Structures are given as C-alpha cells and as structure tokens.
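Below is one structure, written out as structure tokens; the observations come after it.
Read from first to last, the chains carry the letters A, B, C and D; within each, the first residue is number 1.
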C-alpha cells in the first residue's frame, strides 16, 4: 500500500522535475531539476523491485553523467548572457508546434498501452539474476556495450584533445 | 535492232555517267562530242527502228530483269515499243540531238560545260525510259528522273538564288502531281494486281464498267500527275519560272519533251480513261481553260522566254483538249509538231539571247531582222506554225483537234469556240513577238549572227516545222479509230481563217500601228486587266498566300519543337520536387526532429490500425 | 559459335584499339578499321559455306534448327536464362548493314577526332558489338543486356567528343533510351512470369515465349511496354525529341552509327518481338501505331523544313523516314514489311552519307548553320555532287534504294488503309521541300565571300571512296533490290504466318 | 500487498509522459546542452518502460536492457559533450541552427 503511494509521489516528482528541467533558462538550474527527476525515477525502480537498477541510476546517471554536464557547463561559462538568450528562444510561438506534435504522440502511446493490464511484481529481481543473464544470454550485448564505451572514450578524448590543442595554439598565436 | 532497244536509253546514260566522273579532266571539244554523239547514236538507232517498224508494224516487248518481286508485285525493268513509243522516241532523240548540237555553241563559254552535258544526257536517257517503259512503275522512274534533271538544269546556274528558287518550285510543284500519280499507281495495283500497262488496261476492261467510280478516281489521280508535269491548271506555275535555266534546256525539256510527258501518259493509259468519261471531260476542260489562261497571260509578257513558256502551256492545253475529246492521235500529232516549232522558237530566242548578251526583254530588242537573218527566218516559220497559219505543221494538228472537239456532243461547240479564241490569241501574241523583236528600230547591237552549230539545228527545225504536218504518225494501231465523220465545211473555214485574223490584228497593232490600243491599255480597266494577265492571273500570288507562306509559318511555329515541351514539363516537375526536397534538407536540427516525430506519429497510427495480433 | 566470335572480335578489337594509342596516336583508327573489316570478312567467309540464302526455308518461329545459325548455352539455368543467339534473313541483313556502316563510320571519323582517339575507337567498336548482339540475341534477357550495352559507349561518344551542347544531348539520349529500356525490362519480366505460371518453367527464350497464352488486356499492356521501348528508339512521333539533339551534337561517326544503325534496332525489335510475341494485341493496336507513323512522317518533314542547322535538318528527316518504317511494320503484310526492311537498309546508307557530309562541312567551316553557307558548290564541286546524289536519294528518287522502300511501304499500306496512305504520301512532297532546301542553302545559291579565302578542300580520295561505296549500294538497292528482298522473304513469310492479316481492303475505304 | 501492487500501465503512463516531455524539450531547444539533456530524459523514459516490463514478467531482461541503455547514454554524453566543446570553440555559439554547416 505504502509502495503505491510512494510510487505516485515519486512519479509526480519526476514529471514536475522534468518539466522544470526542460523549461529552465539557466543550464545549471535545469541540470539540478534533471538530477531530481533521475532520482525520482530511481525511487520508482526501487519500488517496482529493481534495486540494482535503482542503484545504477543514482550512481551512474545522476552521479557520473550529470557531473559531466556540470563540468562542461562550467567550462563553457555561459553566464547571464546565455540565460537571456535562452529566455528569448523559449517563446510560446516556438514551442506551440512541437508541443502539439508531442501531445499527439503521447495520446497515441497512451492508446496503444491502454489495453496493457496487470500489476508489476513486488518480488525483487536480484542483482545476481541480472548478472547471470548479462554474462549468459546477453554476453554479446555486453561486448557490444564495451565496444561502444571504448568508442565513446576514444571519441571524447579525441574531440576534447583537439579542443585543448586548438585553444593552446590560438592562445599561442595571439600572444 | 528490235532485240536491243534498251541500248537506246543506255547510251546517253553511259555518256552522262562518264561526263560526271571524268568531265573535269576532258577537253571541251571532247565533252561536246561525247554529249552530242551519244544522243546522235540514239537518234540513228531510233531511225533504224523506225524503218523496221514501218515495214513490219511489229510491237516489241523486252524485259531485262525483274525490278523487284514481292508478294505478286513484280514490275520489270522492261520496255514496250509501239507506234506511240516510236513517235515519242523520234521526237526525244531527234529534237534532242539538234538541241545538243545547238548547246555546244550556246554553252561554249560556260565553266560547267561537262556538268551541263551530263545533266542533258541523263535527261534524254530518263525521258526515253519514260516513254519506253512497259509498266507504270518504270514509267514513274523515268517520270521522276526527268523531274530531277529538270530541277538540275533549271538550277544550272546555281549561283543566283532566284534560279535555285525556280528549280525548287519546278520540282516541288510537279512533285505534288507526282505524288497523286503515285497514289493512283497504288490504287491501280491494289485493284488490278499489276502495273504492266497493257495487262492492266486489259484487266481494267474486265473488272470495271464504264462509269465506275474506281477507274474515275484512278484516272483523276493520273491526271494530277499529268497536270503537274505538263504544267496545266492548277499546277502550271512552275513552268514560267523554269525559264531560269539555259535556253536550250527550255527548248528540250520545257517545250519539246518533258512537259508533254503528261500528254503521253494519258494517251498511254487511254484504255483506262475510256472507262471514265467524266475524267475525260475533266481533261478537256482543264486543257481548254489552261489554254485560254496562258494565252491571255502570254499577251502581256515582256520577257521573250516567258512568252514562249506561256505559249507552251497554252499549246499543251490544246493537247489536253484533244485527249479529253478522244482525239488521241490528233493530240499526239500536235505534241510532235509542237515539239518542232516550239523547239525552233526556243532555240531562236536562245540565239537572240546569246547574241544580245542575255537580254530577255523584247522591248529592248527590235530591228533584228537584218542583223540576224537566220534567226529571223526561224522565228517567222516558228511563229507561223505556232499561230497555225495554213500549210504549216501547226495548222494541220491544231485543225484536227478543233474539228474533233466540235464533234463532241453537248460540250463540243463550246470547246470549239473557246479553242478558236485561243487560236486567235495565239496568233496575236506570236506575231507580236515577231514584230517587236525583228522589226522596228534597233535598240541593241548584236555581236553577230549565229555560228553553224546553231544555224544547222535551226534550219533543220525550220524544215520540220514547215513540213511536219504532212507526216503520218503510226499510231493508228494504238488508239481506237475515230468515226471519221467531218463537220460542216463552214466550221473548217472558220478554223482556218481565225489565225489569219489574229495575224492581221498583230500587224495592225504592232507593226504599222494603225490600230492604237494605248488608250485601251492605259484605261483603269485595261491597266488592271493587263497587270492581272501579266502576273499570270495572280495564281502565283494566290498559291504563295494559300500554301507557301502558311507552310513556312507552320515550320517556323513548330521549329522550337512543341513536343519537347511535354518532356520539358516532366523535367520541370522533377526540378520542383528537387527544390522542395532540398529545401527540406535545411540543416536545422529541430526541423529534422519535428519531421521525425511526424513520421513516428504516422507510423504508430498505421501500426495501431493494423489488425490485432500484429502488435502483440 | 560464329556469332559469339563476331561479337567477341569487336569487343577485343575495342580493347586493342584503346591500347594501341600508347604506341602511336594514329594507330587506333587503323586498328579499328582492321577489326571491323576482319569481322565482316569473317562473316562473309562463314556465310559462303552455308546454303544459298534464297533457298532457305522459312525459319519456323518455334523451331530454332530451321534458322540460318543458332547457338545456345546456359547462363543462369535457374531462371531459364541462356546465351541464345540466332541469325535469320533479317538479322543477317542488319548485321551486314552494321558492319558496313561501322567501317564507314570509322572512315568518317578518320580525321575529326583529336582527343583520346583510342578510347573513341574503342567506344565505337563496343557500340557496334552491342548492336550486333541486339540483332542476334534471342534470349530476352540477353537482348535487354545488349540493348543497354550499346547505349553506354554511345553516351560516351556524345558526351566526350560531341559538339557545343553535348552534355545536354547525351543526357537526354541516355534518359530517353534508359527509361524506355526499363519499360521493356518490365514487360520482359511480366511475360516470363506469365509463361512460368502457364507452364511452370522459367524461360527467357524467344522460342518458348512465342505463343504464350494470356488475357487480352494483359497482352495489350505488355505489348505496349515493348512498343514504347522500340518506338522511342525508332524514333516514332511523339518520342522522337531526343533524336535531333543527339544527332546534332554527336561527332560524325556517332551520328552515322546513331542514324544508320541504332535507329534500326528499334524497327528490328518491333518486327522481331513486339508484334510476333503478341500478334493479336499488336494488330489490334495497328491503327494507332500507323497513325503515329504517319504523324511522324509529316511532322518530321515539316520540322526538317524549319531548321537552319544542317545536321538537325537531317536528323528530322530521319524522323520522317523512320515513320515509313513504323507504317510498314504495322501494315503487316509482306509488301509493307519488305518496304520497311528496305527502308532500314536504304535509310542507313543515305542518312549516314548525309551525316558524313555534314561532318565534313563542320570540319571545314566550323559551323553547321546553313545561313552561313551557300554557294559551296563553287569551291567543293565534288562534295556538292555527292550531296546532291544523297539528297535526291533521300527525297525518294526512283532508281535509288529509298524509293523502292517507300513505294513498297505505301503499296502495302494502301491495302490496309488508304487514307493513312494519303497522309503518308504527302511526306514525299514535304520530303522534296526540305531536301532541296538543304541543297539550296548549303551548296547552291550565291557564293559566300566569307569562305573565299578559307581554301576549302574538296573531298579527297578516302572520302570519295567511302561515298562511292554508299552510292553504289543505293543504286544497286534501287534497281535490283531482289537480293535483299529474297533474304528477308522467308523470315517475313514465317512471321506473317504467326498472325492473321487485318482484313480491310481499300475498296471498302474508297466506296 | 496482494492485489494492491502498482499497475503496470501507470508506470508506462509515467514513462510515456517523460518521453513526450523529453521530446518536446528536444524540439523546442536550440542550445545543444539542453538538447543533450532532453535526450537523457528520453532515454531514461525508455529505460523506465523496460524495467517496468521486466518487473511485470519477473525477468531480469528488463534491467539488462536498462544497463545497455545506460552505457549508450554514457557514451553518447561523453562524445556529445566533447562535440559541445568543439562547437563552442568553432562557432562561438551553442545554437544548433547556426552550427549547421558541415565544414571543417
């Protein structure tokens, strides 16, 4: 009973936080809302019996990935000017069309999932089970994920290095 | 001789080919010799043939090879020789030889001497094929062959655009008739299964009754061909312009031989025309109408050659009249005598033009009687024959035509009277020519009179023009016999006297000026009528506005290829789509996203509407 | 095997010609000429061992062994696709025409190609190889393959060595023929599929596909696919618009091959495939087809009259002349078909020669605009005389090949429909009009001072020799066409047996 | 607890809403940072749906897929943010409408 109440609270929090994240002009504010949203989703994960997923959500999503955002935003140093620009871009005229599209899509999704019935299980799927299937039937997917991460690593390193080099060269030439 | 008549057209043809291939390397005298001798040999062979024919009256049929053989259509390269062919061959080779001889002097100074004789020899060959052909397709070969030679010779002095224009006009106008004739051939073959003239006429008599519509259509189509070639209404306009060619060419092609091919064609296929009396009436009416129209026009012309050209048209009109009233042999007889005296007149005018440095206007001549006596006497005799003064050759032939026309029921007397009017006009314009050119004051100074190569043909033709009327042409076997009855004597007397009246009128008006017609000519009516006649009854103008200009306009209109517009439309459509699609590729990420979402919506909508079971 | 060799010699010869440019820049043309003449000699030698062609029995449409030559070898057996070549009278005529005109085309381009000579000659030979394949292939997929093969070298010839507007012309040519080829492919596949559903056997062989039973409507649409493909190539009105551009822009040899040979593949396709495969559908369609033919005759002639470009005029005259072929084919009786075959051969020579003259003029004057010519006879009498010969040939002078062709077509057509014959016959008049205009504007007329000091060179012996070959060919065709007629006769006989003649005599029309 | 579990379609509803909001953000934002954030929201929404479905069937597969999504998100953010730095460097703006020329 308590889980159901908690679920609705968490869901509400997640939705509100996401809406706020999407509409903020200041990147850091948006980011913090986003983290709240992710945490709320983590709560839902926990409630529907996926504690392992909830942990990962907090550690990696809300932790690692969001920190990356924070770093980058700090590096870019957008400041007041950026905020003003963002506010200007967020005029109703701009988001009216996309909003209609989104609503249509949402309605369609809801209709499609309308006839899905049945509760989710409360019995938790343990980390062990997840681990067993990860390195059992899904081992190929794990390999692919590994490759993907490696590619991401190399890619970001390459892009970031060039950024620094360029910076360095330009600074050097301007001196 | 009778086994190898195919040699007769072959010799001029070979000579022509040789002149074309090696003409530029031969000496002038050799060229002339080759050109004249080849026709001369043909003429001699024709003479031999004639003598043989007179003795045994034997019709010769000779087949060289089958031209083509497809599904029962098997015209041969084969020749047919009878009295009618003999008359035509004699005229072509005989007069042709004289004109070739005349040309050697006339064209002496021309740089394209070899080309001239090559064309002229080829013409003789083609003309001989035309008259000797045993089937209509081979006849058509000769028919078109002479047409091309005529084109080449009219446009012989190609450096002047006007000559080329005249040549093209001559070819295309006759081509209109030729095409109709070709259709006639198609119809005859389709209906009768053969184009062999004798067999065809035989089959026609078995298949059709007199007055049937198919022989009428066939005959009308053949008439179109004949009308085009023989310069009759309504396809006569090319002939006066065709005078742009060298004068001997006019004498040979546009007076003596080619233009009478239409007469020959109708005479040759008279078996068909007898089945279609309406067609014969058409021939007669075309003939007399043309004859009068041309005679009026000739009255007003000032160019010596154009006078003669219109007079040729007019005389061929008489021949058509003869054919139309069934006076076949009279028509052919007139064809022959006309060949003599008209060739004579043309050569005479050629001599004048040659000696006066290409002067064509008769009012700039005058007084040539004493300076060019040979030419003067040729012209006198020629004009007398043309005007059909008694005892000349033209008298006998024209008289026969008029008398037989008179005997035709219903239309007869009308045709006769019209013919008489034509004869009167003929006498007036021919002696107008003589009086203006040879009498009166001299306006120009000729170099000299003609040389022997011109004088000999002139004299021989004078002789023929005088006595030609006493020849008996051997065509009795060819044509059905006429009933032989004679009209009342007064008809004959009137016929004889009319040309004399004409001569008198010409004498009074143009020689001693008793009769002054200046007032009449200068009145408004007279002037406009004069101009009307001068322009050949405005027919050229009419055709120009009715056919030539619209055709040019059409060609110009279509020149930019309207059909391509349809394909251009397809191209434009594609380009528009291309434009739209490249506009979609704007590089704006939000736009891409929006379209992705839109696509997603469509996909989900489709998926949701699919039958259940697909989703689950 | 002989037929494979014929094609192979040309393909390999093309490679040789390309390579030979490395040794000497004048080599390719000699190599190419040698290759074509070798091919021709080889064919003639092989033929000499065969029975007299006139004594051949009619090749039975469903029995390959009655044909003059037949070759079959598996290619993709799973789908019944084979390398099947066969030769009968009409194919033989077309193959001979191709090789002779090929040699003439090489001679025509003897001097006017200056860049990448080796590649040019190679393209020329490959194009000829494709055409030979088209004339001999009896497997429908192989036919389609050759159909495409002949286009690509031609595309290159126009696009690389063409005149000022070559890119446009080449692309137009390519798109038209490619689109029509696609239609044909679809039709072929549909036909094969129907045959498969009827018999359960996959086969692309002509002999198997004859007499395929199908619904009337289906036959109609498939036949239209073939019809359009071939009529675009022919070209028939209103699919002709690629032709004036392609002919005008192509180099001389390209124009000669295009007009002389490539157009004939369309006519050949109609005779060999479009009608026999669907006899009923095709003959039901004969009336519109003949109307298109007549429209082509008249339209081509009128447009030719309006042109000022020497080559464009000849190109439109081709449209007019090929209209007669279309008429002849769809009149579908022996007279008309013989006429169509004759027209294919005779037009090949007469137009090829006119294009050569146009090429020579362009080479000397650097223009094709007739308004700038006039009076050229004065300086180049030999060229003028030759041009005159071919002009009168093209206007259908009796005694030359074109007349025989046109007259036979009209004769056959008259039996079928008199009124269309009348329309088509006006082509003889308008034909005279544009032909003589061509002569008047270029060689006759006042001597143009502009060229007086250009030292224009008259035809030399090489050119005269080439022209003489074509002149003699036209004269022989004109006064003794029987060998050609006899060669085509048995084939047409067997084709006519496949179909029933449309019954509509002239008497009905006239009465 | 029996019969009082969280209904699956409610979780899916939340997931759909999150997805729609993320997509909306994706479409209305021009700043690349926000675009990346929106992507994260959408990925997260999908992940939620997977985990919920896994829970429904009491199978670990949902969470396995969630982990895969997590790796994708990580890699994407790493590369994406690297690109952000480059874009900022080159164009002096984060507006994607201005940085739409694919030039070096």
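Definition applied: a contact is a pair of C-beta atoms (placed from the backbone, for glycine too) under 8 Å apart; a residue touches a chain by one contact, two chains touch by 3 or more.
To keep track of the chains, here are their UniProt names: A = NADH-quinone oxidoreductase subunit J; B = NADH-ubiquinone oxidoreductase chain 5; C = NADH-quinone oxidoreductase subunit M; D = NADH-quinone oxidoreductase subunit K.
Because the structure is predicted, anything quoted here is derived from the model rather than measured.
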Joint neighbours of subunit C and subunit B, given as chain labels: none
Rounded Å distance, subunit A centre to subunit B centre (Cα mean): 100
Subunit A and subunit C: spacing of chain centres that average the CA atoms, whole Å: 70
Inter-centroid spacing, subunit D versus subunit A (mean Cα positions, whole Å): 5
Whole-Å gap separating subunit C and subunit D, where each centre is the average of the chain's CA atoms: 65
Contacts with two or more other chains, residues of subunit C listed in rising order: none
Interface hub residues of subunit B, defined as touching at least two other chains: 590, 594, 597
Junction residues of subunit A - those touching two or more other chains: 97-98, 101-102, 105, 109
Touching pairs - complete list by chain label: A-B, A-D, B-C, B-D
Residues of subunit B that touch subunit D when the two form their complex: 586-590, 593-594, 597
Of all residues in subunit B, those that touch subunit C in their complex: 20, 24, 65-71, 73, 77, 137, 140-141, 143-145, 148, 151-152, 155, 158-161, 164-165, 167-168, 171-172, 175-176, 178-179, 182-183, 186-187, 189-191, 213-214, 217, 551, 554-556, 558-559, 561, 563-564, 566-567
Subunit C residues within the subunit B interface of the complex: 237-238, 240-241, 244, 299, 302-303, 305-307, 333-335, 338, 375, 377-378, 381, 385, 388, 392, 397-399, 403-404, 407-408, 410-411, 414-415, 418, 421-422, 425-426, 428-429, 432-433, 436-437, 440, 443-447, 479-482, 485, 489, 505-507, 510-511
Of subunit A, residues touching subunit D in the complex: 1, 3-4, 7, 11, 14-15, 18-19, 21-22, 27, 30-31, 34, 37-38, 41, 44-45, 47-50, 52-53, 56, 60-61, 64-65, 68-69, 72-73, 75-76, 78, 82, 85-86, 89-90, 94-95, 97-99, 101-103, 105-106, 109-110, 113-114, 116-123, 125, 129-130, 132-134, 138, 141, 145, 148-149, 151-153, 155-160, 162-163, 166-167
In the complex with subunit A, residue positions of subunit D that touch it: 1, 3-14, 16-25, 27-31, 33-34, 36-38, 40-41, 44, 47-48, 51-52, 54-56, 58-64, 66-68, 70-79, 81-86, 88-89, 94-95
